[in-house]
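One structure is given below, represented as structure tokens, and several questions about it will come after.
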Amino acid sequence: MRILFTNDDGIHAPGIRALWQAFAGQGDLIAVAPDEERSATGHGITVHKPLRVESLKQYEGEVQAWSVNGTPADCIKLAFEAILTEPPDLVISGINRGPNLATDVLYSGTVSAAVESVIYGVPAIAISMAGHDSLDYQWAAKTCCFITQQLLADTVEPHTLLNINVPVCSHELIKGIRVTRLGQRRYRNILEKRIDPRGKSYYWIAGEVEDVVAGEGTDIAAVADSYISVTPLHFDLTDEPKITDVAAWLQKQ
Amino acid sequence: MRILFTNDDGIHAPGIRALWQAFAGQGDLIAVAPDEERSATGHGITVHKPLRVESLKQYEGEVQAWSVNGTPADCIKLAFEAILTEPPDLVISGINRGPNLATDVLYSGTVSAAVESVIYGVPAIAISMAGHDSLDYQWAAKTCCFITQQLLADTVEPHTLLNINVPVCSHELIKGIRVTRLGQRRYRNILEKRIDPRGKSYYWIAGEVEDVVAGEGTDIAAVADSYISVTPLHFDLTDEPKITDVAAWLQKQ
Amino acid sequence: MRILFTNDDGIHAPGIRALWQAFAGQGDLIAVAPDEERSATGHGITVHKPLRVESLKQYEGEVQAWSVNGTPADCIKLAFEAILTEPPDLVISGINRGPNLATDVLYSGTVSAAVESVIYGVPAIAISMAGHDSLDYQWAAKTCCFITQQLLADTVEPHTLLNINVPVCSHELIKGIRVTRLGQRRYRNILEKRIDPRGKSYYWIAGEVEDVVAGEGTDIAAVADSYISVTPLHFDLTDEPKITDVAAWLQKQ
Amino acid sequence: MRILFTNDDGIHAPGIRALWQAFAGQGDLIAVAPDEERSATGHGITVHKPLRVESLKQYEGEVQAWSVNGTPADCIKLAFEAILTEPPDLVISGINRGPNLATDVLYSGTVSAAVESVIYGVPAIAISMAGHDSLDYQWAAKTCCFITQQLLADTVEPHTLLNINVPVCSHELIKGIRVTRLGQRRYRNILEKRIDPRGKSYYWIAGEVEDVVAGEGTDIAAVADSYISVTPLHFDLTDEPKITDVAAWLQKQ
């Protein structure tokens, strides 16, 4: 089996390293990831400037690794089209430092890399720590291994895309795995305005989470209740039920 | 009515200007857009460095305009949270130079700005020229005006999000409007490798379009057949039908 | 006569526009300048990514203008090597928003563009407003015109490089022109530490000026005394008097 | 003794590591360097966006190390003003991958960091490999150690600034050390124009060296003749001999 790892925290981040260590011995391991942190890049790709790829010798043995001066989606494109001689069997993106829950998956470089892989017809897993403190990447990586094995035991459809969030409580307290749908989340007081020493204003994006849809069955609820959340995703943004309504409006002319 | 315009080609691009000119006299017109071209930024937001906002006096009269050194999604956040005293009634993002069809909406800054608006509960329209040559922005802007009026004639749900692509043939040849679903598209031969004068290699992302799903009812087919394509979008990436399958796999343990 | 204008405040800044307006009718006027503000870039050049050049139609008539996504030194290289069919007779860089006095010329993109020109064998003038408020660019541009005529009345050596700073007091109060040497200046309390909304620290470079050498004959003194300061510069950083000392130390081995 | 190391190839480059290894046991060793390659940045400083400083644990023992998302000159400012509790006794910048000879010192981030240090009143050494292949950083670092000891054996003036270039031939062939002046160098055919896959042109800065002044006594000649070149530098760009000429021109009015 050939597994391709990527992330948006950068090739030197502890999350991706925990992954390739946990998968040691399970096939060809390849990592193609950004040269530095590129979180919140969404599904951006780099079309107006050139990309650089660098082979990283220090990881050989464990994994064949490359760094790219681009986004996670760029990394997948480069891996599939320029670095690898044949496509991988699976792409795993993460382990992200911090959650990728609910509406926030739209901003997530981690999830976008997984989406990009599925566009190429290769199943993918995005995995994130659902908090910022006490991150036990090793344990989360083992969980990812286990879920992967379950996934690969059956015939996997090429469009399979799972978004996993692992609670950051002590792992004895984790109650199990729940298959969920995305909740909905937005942010309040999101911009902080400051004045620089030259008297010009600037803004930081920040804000407190407001969970708009977080009820039973959502990824937000699962994680809050100490379950590992596994959400199957697709990448078709069509709002099927609205097609008829819109057609009706437009025919009124 | 208060309309907020944005785009990903930059505040000085002809597409956004055509929009605010077409909507002149129809309410308060505000533009908050990137200071320079930020296409293919996907739904990226800027969290690791500060954002700057600049008021642009030269457009006053026509529109109140601000430029932001960030992505289209940043522009919407800044508009809603820092620049505007009350939210707009509608957001229009575009007119983009080039198509935003099928799977490519995932990479689109234009569409992401519209999605961001809908997350805030304000209906939004993304509009793009479905080609790169002979772009008649004025005519496309008038079409956008017309569709907007149809849309606002009824009570509009706050989550309404329309993705419009306008064919670039001579407008007498345009046959009408079709309400569509997203097709599926990928790219072949996507990376072009070159060597810089210092002997280091670099890559350009390019590639030829391969329409994987482009049949009847898709946006790709509508545009190819000289129809204006209107696709209702949502932003819930949950793959509902797969929830049962994934739960079944995981219970086999 | 062919005059090439550049700056580090960007091609759309008022200072460079005042220059080409003041020189109207005095020959072929060309402007090649950064697409946005690039101050404090020092003598940086762009070698690891490609440069883009864009022809700006809106200034035609007044001046032939190009914008470059690079530093002021990049602009000079592009002008001499790619844009112009023959070299200019003179390069004028500015009018900078803010002073370029004393040690600060080392950080100055404005001065670096002038140095780059002299390396190519073309005489150059860097001109700056010696303050940040009440900037009368038109008057400063006329002064630049006058000094240029004096300079060109004689045979000018190709390595001639003048650094001009214009006081920002009302111009009736300006007492005349002084030819000066560079003073020496450093900054105190130069860094301002702040914490971003994610709890990570960052720094702004700021600081209060401390004039270490500002006595008679310096550019600092001239400007403080309401004189226009004109400092002839060269670009040879060799410390000639020290050559003997260093040789002596090394022979002690 | 407290020695501060910096460079423009980035904190992880082999040249800076060779330096701190060669100076092991000779005092407090501190490194503050850019987080990634920033060559050819000249004397740029970062004033329009904030700087980040990160402490690097992996080098502790050998050296206390920090990385900065800024230029070499930014690193010196941060080290002196924010990171260090008291100033160092000496700053060493390098070992640069590639030469910093002649006029090219103006573009050099390596040399600019040394200049910045001298502005603060601390003597500094910039050291570079005078070629791009077969780089024996260990040997060059030992040479730097030796020169430093000679320098510190006497009372060193705080404005002492040495620019060292080490030939890249096998070190048995190196004939000794020469104290030199800067030669003069420019580049021919400097820009390479290409077309990107979207049909837009771009340029790479490259070019062949043309040594305009390379005679006896210059750094260029020393290195070509297999000598280590040591050039004392200063940072006063005033062209003293021209002061009288320029005053004469201006009085003709």
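Order of writing sets the chain letters: A, B, C and D. Residues in each chain are counted from 1.
Simple rule for what comes next: contacts are C-beta pairs under 8 Å (C-beta built on N, C-alpha and C of every residue); 3 or more make two chains touch, one makes a residue touch a chain.
Quick caveat, the model's predicted, so the values are computed rather than measured.
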Chains touching both chain A and chain B, listed by label: C, D
Most distant chain from chain D by Cα centroid: B
Interface composition of copies chain C and chain D: same or different, split at half: same
Inter-centroid spacing, chain D versus chain B (mean Cα positions, whole Å): 47
Rounded Å distance, chain A centre to chain D centre (Cα mean): 41
Rounded Å distance between chain C and chain D, as computed from the means of their C-alpha atoms: 23
Where chain C touches two or more other chains at once, by residue number: 47, 50, 194, 198, 204-205
Sites on chain D touched by chain B in the complex: 49-50, 192, 194, 196-198, 204-207
Interfacial residue positions of chain C with respect to chain D in the complex: 37, 39-48, 50-53, 71, 73-74, 77-78, 81-82, 103, 105-107, 109, 112, 115, 119-120, 146-147, 150-151, 153-154, 160-162, 177, 179-182, 184, 186, 189-191, 193-194, 200-205, 230-240, 242-243, 245-247, 249-250, 252-253
Residue ranges of chain D touching chain A (in the complex, touch as defined): 35-36, 47, 198
